[in-house]
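Okay, so subunit A shows up in both of these, paired with subunit B first and subunit C after.
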Partner chain A sequence: MTDVPIPADLWSADDVAAISAWLYDDGDSVQAGAVIAEIMVEKSSYELIAPATGKLQIVVPAEAVVTQGQVAGRIE
Partner chain B sequence: MMVSPLMRRLADAIDRSAPIAPGSGVDAIAADDRLLATATTAPLVRLWTNQQCLVTTRRLARHPDFAAAADISEKGGWPVHVRASGGTTVVHRPGILNVSLAMHAPPGATDIKHAYQPLVALIVRACRRLGLDPTTGACRGSYCDGAFNLGIDGRKFTGTAAIVRRAGGGIVWLSHAVITVDGDPAADIAAITRFERALGLDVSYDARVHTTLQREYARSSARQAGSAATPAAAASCN
Partner chain C sequence: MSSPEPPAAARRLTIARAISEAIGQEMARDPSVLVMGEDIAKLGGVFGTTTGLLDRFGPERVRDAPISETAFIGAAVGLAAAGMRPIVELMFVDFFGVCMDAIYNLAAKQCYFSGGQVTCPMVLMTSVGGGYGDAGQHSQCLYATFGHLPGMKVVIPSNAHDAKGLMLAAIRDPNPVIFMYHKALQGMGWLGTVQRSITDAPEGDYIVPIGEAACVREGDDMTIVGLGLSVHHALDAAKSLAAQGISAEVIDLRTVAPLDRVTIRASVRKTGRLLVVDDDYLSYGIGAEIIASVCEDPTITLRARPIRIAHPDIPVPFTPVMEHFVLPDAAKVVAAATILMETDR
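For the complex of A and B:
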């Protein structure tokens, strides 16, 4: 099981960030390096990249506010 | 694709060395990905136009009714394409100048305003050369609203969005502006509203808070000639 963390170094920690969309459904197979979700900060999109190949388990749903370092999903 | 004299003047004032690239739908949007891939520490500017279409986000493209809503929009003359940058649905068409700016973020820079500010400064400087003095800020009631809109007297004529990616051990930024030079913002709003309502979204945009650069240029010219200025819109930016 590999955690999919929210990046800690792409935007300022005091900005409000939210997962705008998961680009795969819960349980989908994903490839390492694929863009699996999009995070939005002030109309800027940041891509969440799959750190491993496997089945995606979504932990934080779309539209939810996230914090840096938070585990947004897992890949098993 | 026809380029109006005002768009030509604006483009020259933004970057005389950058030609206006005519675009054809999704290919024009994909070219921003290529620009981002070639980003350096020196900003790269791309000026471009596109055929009439709506450009929406990956978030809305994941909506279960997306295909049906896109079909309705296309039948109304507005095919729908998807972009990687943030925000919500916008319009591309002749009369709209797109400006994309790609650059490497300075080491340690994470504040997104530093990605928007060079783009906004470029457009503000160009507008001032045309005798206009835009301000930056949110514009309540506008479509794809954001803190880095450009407006004049409470009316928005430019929206912006950005993409942030990792590349080469650093971070690259692509900021993008959609400048409504001429045409009918009310028709733009009607197209966006039809598409987004077909997705089941409860949207309502106010045409009074949108304008075109051509209108503002005419107002400014009339003021300078001593004519009465048109009253500002009831709603306001900032």
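For the complex of A and C:
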């Protein structure tokens, strides 16, 4: 089981970030290195990359606000 | 031994990313392609359609314009006449009023007036649709307004795969193409996102031909025609209808003009029932054109009177309760489909 954390160093911690879209459904198999979600921060978009290959478990749903380092999903 | 699950696509794209990727690939291939619009350079487009292009191609070819649609869209018509392939973004289709002369009198007629000697290979991409409380000047569709005027092609994708292929086709087309994208399908979060619009799309070069609708679900009892977001209402409804034993075929228009009457008629010839789902204004609209096109065909026998769902002939309401009351959704499609099945002749 590998955690998928929200990146901690791409934007200022004061900015509000939210997952704009998951590109895969809960339970889909994903490949390491694939873009699996997009994160919107102050009208700019960032990519969430799969850190491992396996089955995706979505922890934080789309459109929810996230904080840096928060576990957004897991891959097993 | 159980069979393994089919592997998920190696990558998936939102429509916004697919549009950006198509433009970037074509800019790399063809030095005559350039992009202009409001907030399209540094920001990457308020709907994400030009993400990353400024960094790759620089401010000469990816140019932020002031709030001056008349000027930069007029300039695009001239650039196209001079051999460039400009892509311009009209941030909301609702803003067409100030720049329509450049679009329908100049761009749309350049080829015709010059006897084919001067073409107009420009793409005007523009956001359409509501559903997120942005009121009557930021929520319109206007498919029929543009589809009505000769000399322009009008396309709208329902998913990322088609978005990329249609954009590549649009840029290469010698005619002006109005490339519409629905805000609710952009994958921008705050506008809502339909998961089904996020699809795989080949990294390489491919075309979705302009003028060809797609059958996205096969069925025997009725034909439901949609475009952009309403394709997803139709697909959601078809799933519910299947549970009631009703088999609905769903056609994704993909192109508004020229309309693919062949595909629509072939489907209704088979099913005998027609329902059109449109989020543009009702009167003189997409539904009217499609129903008329089917009724004009002497080889089609209808088993029930056709039905169209559309936005009523009023400005798009601001308050969400009122807006969702008038916008189409899957439940309204199911209700209309149920009426279609009640009559048989």
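We adopt the following convention: the second predicted complex is superposed on the first by the 76 of 76 C-alpha atoms of A that agree within 3 Å, B and C clash if a C-alpha of one lies under 4 Å from a C-alpha of the other, contacts with A are read in each partner's own complex, and residues count from 1 in each chain.
Criterion: contacts are C-beta pairs under 8 Å (C-beta built on N, C-alpha and C of every residue); 3 or more make two chains touch, one makes a residue touch a chain.
For clarity, every value in this text was computed on a predicted model and none was experimentally measured.
In the superposition on chain A, A:A18 makes contact with subunit C only, not with subunit B. Of the two partner chains placed by superposition, only subunit B is touched by A:D9; subunit C is not. Residue contacts after overlaying the shared chain place A:M40 against subunit B and subunit C alike. Of the two partner chains placed around the shared chain by superposition, subunit C is the only one that A:D28 touches, whereas subunit B remains out of contact. Common to the subunit B and subunit C contact sets on subunit A are residues 20-23, 38, 40, 43-45, 62. Of all the residues in subunit C, the ones that touch subunit A in their complex are 5, 7-8, 10-14, 17, 43-44, 46, 48, 51, 187-190, 192-193, 195, 198. Considering their complex, residues 18-25, 28-31, 34-35, 38, 40, 43-45, 62-63 of subunit A touch subunit C. For subunit A in complex with subunit B, the touching residues are 9-12, 15, 20-23, 38, 40-47, 49, 62. Those residues of subunit B that touch subunit A in the shared complex are 57-59, 62, 84-87, 110-113, 115, 144, 146-148, 160-166, 171.
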